[in-house]
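Two complexes are shown next, each including chain A; its partner changes from chain B in the first to chain C in the second.
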Partner chain A sequence: MDIAVLVKQSLDVQELRVDQDTGKIYIEDAPTKAGDIELNATEEAVRLKEKFGGKAIALMLSTWGASGKRQKEAREALTRVLAMGLDGAMLITGEGAERGDTYMIAKALAQEIRDKFGLVLAAEGSEDNFSGLLPARLAAELGWPYVAYATAIEVEGDYVKVTRSLEDFEEVVKVKLPAVISVTQEINKPRVPKLVEIVKAKKKPMDQKDFSPPVEPKLTIRELKVPKVERKRIVIEGDVEEAAEKLIQALKEEGVL
Partner chain B sequence: MADFDVIVVGAGPAGSVASYLLAKRGYTVLTVERGKRPGAKNMFGGRLYSWSLERVFPEFWKEAPVEREVTKEVIGFLHGDRGVEIRLSTKPEGRSFTLLRAKFDQWLAEKAEDAGAEVISRFKVEGPLIRDGRVVGIVAEGEEEMEAEVVIAADGALSFMAEKAGLRPRLSKEDFAVGAKEVIELPKEVIEDRFCLSGDEGAAQLYVGDLTEGVVGGGFIYTNKESISLGVVMRIGSLASKVSEVSTAMWEITEKFKSHPMIRRYLEGGKLVEYSAHIIPETQFMRGVKLYTDGMVVVGDAAGFCVNYGVTVRGMDFAIESARAAAEAVHHALESGDTSARSLSRYQEILSKGMLRELEAAKKAVDLMEDERLYSSIPRIAVETLEHLFLVDGRPKENLYSFLRKELSEEGISLLSALLLGWKALRSM
Partner chain C sequence: MKVLAFSHSMDLALELVSAGRELGDVSLLVTSDQEGWINEVKGAKEILLCKEMDSGDQEGLVELISGLAGDYEVVLLASDRRGRELVGQVAHRLGASSAVDVSSLSVEKGKLVVERMTFGGKAIAVEEMGLPAVISVQKGKFRPPEEGKPSVREVGAPSVERRIEVIGGKEKPKVGVPLDKAEIVVAVGRGFRKKEDLKLAYELADVLGGVVGATRPLAADLKWMEEEVWIGISGVRIAPKLLIVVGASGQQQFAAGIMDSKVVVAVNTDSKAPIFEQADYGVVMDLYEFLPVLTKKLKEIKGG
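Coming up: the complex of A and B.
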């Protein structure tokens, strides 16, 4: 059984610059990388394939534009997961993908997955958008069962046994393969590739495919803006007792107390 | 067989140029950089003298992400909230460009990659791999060993590579100066207006005065396309004993510089987008550095090829030139199959015919610049003498000469040494 790992090209949110006055987000300037939870999905795929055989391939559909810079970053992100032990990678990029919503992206990914893979591993949510919708949509598209929030995965013949972490309890479910599973960060500790593995990863097969939109997106993003946080700019003066009194008064007026 | 012909540690200008030249010759090159990407954390004041990079990439400015070509040089003396500025408009033969390292270093590293070097970021090298007294590779993060015929240490001012290979003594804080810098965004037109620039012209402005409170150093402003780089450089040794003290002092002095009435007007309405600090190797420590050993050469800041004139720092051009010489020597060593210290000594030979002479001269100039009066008395006297010159208050005026004499004797400086000091002050910038 071959495994597909969905690796999203995520914005490095730590490096996202915003203009507090205008709310503008400088998306173009922020670099991208493989999302952190995708590294957990990759680790799980590598462990499963080491135990049960088969191949594990990374799939990336790049949605942050098809510029040279973004493509280079995408290849670097894929090199990172290849270095962890995946067998190959496929990068799908092209004009139009940046307009993709989960509906369109799921359809496009399904075309690459159907008949080729027996298991899809994904992150419970992406680092930048964290909508968490894609794996479910993809499963629906494929007509496969979907299990979310996995903290442990075990393959048993034609079935997978998945432990799911829910708010107050854990649930263990068994579904028939093929299936789509999203993992949480608790599932494992991703290995840190060695230098030699990164060097070797650069030589592993990486297919590049042109993106062509299978459908029109249902959702379009008009604008991205940071919410404005207005401070009250109230300075309370006086000795401690007096100030505390005034502070309580002010908080009451705001309806906080 | 080693894993690579050459391993380069660090993808700053020195590392990337060495990687590029050797990869271009067909050697297998691995370049390891600990930053998120080449240039991600690197900073400098703002100006690259182009002579050495031109030898590697003729007319590189047509392609490289440079900001502006410097055609306006400003020297300023600050005292209290008063100040003097001298502005030179020029079109020098030796061109120089302002630039931002994050973009520029990445461009250079891409050049190396395109030539065939494997550039790997986010990976820290712990030190050289030494067997039987010979450098045979590197030890990377996680105790991983990687072998190479030759290692090029391009890991910057703190170079643990050089230290661990026994090429330089453990350095103390006296061997370094520190610089802090802010990048402040302003619209292109505003910059051109405030700094009297047109098109791609740029300005380099340097200031000394009481803002550093007698410490050797000063403030700088370089104009980029749509931002300005502003900061201060100071002798770390004379500054404080603890790192935390140094960083607060740097921050305070930067703020003081920014709020000076003469400087403030350049920044008005600007948006602070970046803050960084970095150490600068002092030229003196080069006296204790060896440039090569069996299987390894040291280039750029790691070898101390950096001159701190006081306010201006020059190191990019030396880093690039030393990398070029190193690549040449390493090529010969690999070709002849002899990578011993004797064979690699060619590196020093190439340098001593050119760049080292300039560095020697610079070292002498720097020694003369130690005089702390340059950074306190001279700016004060310059400001007060000019004030005196322009003063009209209806009272009889003391002649300029006797005014100057009086000012100088208050500081215990003779006229002759004042002239010398003045000259040095200009040189220090």
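Coming up: the complex of A and C.
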């Protein structure tokens, strides 16, 4: 059974600069990368492949336009997951993808997955938007079952046994393949590739494919705003005793003690 | 506008009814295991009771909600994990637009306009959605409605080919007061050198009548604490009146989870840690020196 891992080219939100005063969000200046939880999905795909055979391939649909910088980052992100042990990668780019919502992107990705893979692994949410909508939509598009928030996956013949973490409950389900499963960060600890693996990853097959919008999007982003979080940012000075007293006084005045 | 709502939790279902009333009449779907809610639900126009479906049947729910949704412009679901799992699936079945964790919703010129947090809490996206739309609503943003008795109508269950079978499970250990409902939270990070040292935080929380939460590394990587107390965008988002962050640097994923806190105190040895940007009061000190003194002084005041 071959496994597809969904890897999104996400904005590195840690590096994203926003200006509280002007409300400007410096999206173009921030780098992009594969999301942290997608490294968990990759790790799980590699482990399953090592144990049960088959190939594991990364799929990425870049929504950042055709600029050289973003294309380079997309290939770097894919090289990162290839170095962890995936067999190959596919990068889909082209005009119109930047307007893509999860409806459009699920339709486009399904074309590359149907009849080719038996299992799709994804992150419970992407690094930059964290909606978790794409794997659910992809499952619906393919007509496959969908299980989210996996913390353990075992293949048993035509089924996978999935343990998943809900708020107050840990549930174990048996799912008929083919299926789409999203994972959480607790599922494993992603391996850190050695330099030699990174060098080798650059030689692994990376298919490029042109994107053409299969449908029009159902959702558009009208505006991005910077949230107003007003914090006082008062530094309490003094030695330990003084600082504790000053803090208690301040909290009393705030009315929270 | 007609709104269909469903949640696995009654508290969240009531919040959905309130959110839906901003758009129009709300029908709340209630499954067999939820039949007891009927006398407690207020504010919905009607309750759709499906006696042949249990809320634990994910595939059945996707089919049932998608089938009923044809009569509605908007489907509202909850932003808990079971709710979020449904949103994309139902939306795609309907060819509908979708959004999760929305904090506000309104109608402008025939389009639904919602706001939601994105970029790890650094931005709010204002999104225009075509109808029909399937949306999950952020927890705690809408107060349960206080009046209006709904009528009850029974609906049948669709036949579903089941490919997911629940074969086991267990309740997670309870953590006392849930973090997202706590008034006072002490959040701990990697500044604690070993698990036993967390007692400094528990002692502080005890004297304040609060609960202890953790950053991702402590809960997920080191497993010092239960996942349920992991604060952040993929964990719990909290809104206490007082949050004391101890030994955490303030990574974006964590920062997004504490934005709604009223007063934030940060204790960290590194004066350049981003957490001080997110705090009202900063104490640049070793937590091992500061916490015992703070706890002792608070005990004196509280007469303990």
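In this section, the second predicted complex is superposed on the first by the 229 of 257 C-alpha atoms of A that agree within 3 Å, B and C clash if a C-alpha of one lies under 4 Å from a C-alpha of the other, contacts with A are read in each partner's own complex, and residues count from 1 in each chain.
The definition used in the following text is that a residue touches a chain if its C-beta (ideal position, glycine included) is under 8 Å from a C-beta of that chain, and two chains touch if they have at least 3 such contacts.
Treat the numbers as computed from the prediction; the structure is a model and nothing was measured.
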Touched partner set for A:A148, first chain B, second chain C, both or neither: second
Which of chain B and chain C A:L247 touches, first, second, both or neither: second
Which of chain B and chain C A:I198 touches, first, second, both or neither: first
First (chain B), second (chain C), both or neither touched by A:L224: second
More chain A residues in contact [chain B versus chain C]: C
Contacts of A:N129 with chain B and chain C, given as first, second, both or neither: second
Contact residues common to both interfaces of chain A (with chain B and with chain C): none
Of chain B, residues touching chain A in the complex: 3, 30, 32, 36-37, 118, 120, 123, 140-142, 144, 146, 271, 273
For the chain A and chain C complex, residues of the former touching the latter: 11, 13-14, 16, 18, 25, 37, 101-103, 106, 124-125, 127-137, 139-141, 144-149, 161, 165-176, 179, 184-186, 189, 218-227, 229, 231-236, 240-241, 243-245, 247-248, 250-251, 254, 256-257
Contact set on chain C toward chain A in their complex: 58-59, 62, 80-82, 84-89, 91-93, 95-101, 113, 117-130, 163-172, 174, 184, 208, 216, 220-221, 227-228, 233-234, 241-242, 251-252, 259, 262-265, 271, 276-285, 289-290, 293-294, 297-298, 301
List of chain A residues in touch with chain B within their complex: 17, 19, 31, 192, 194-196, 198-199, 202
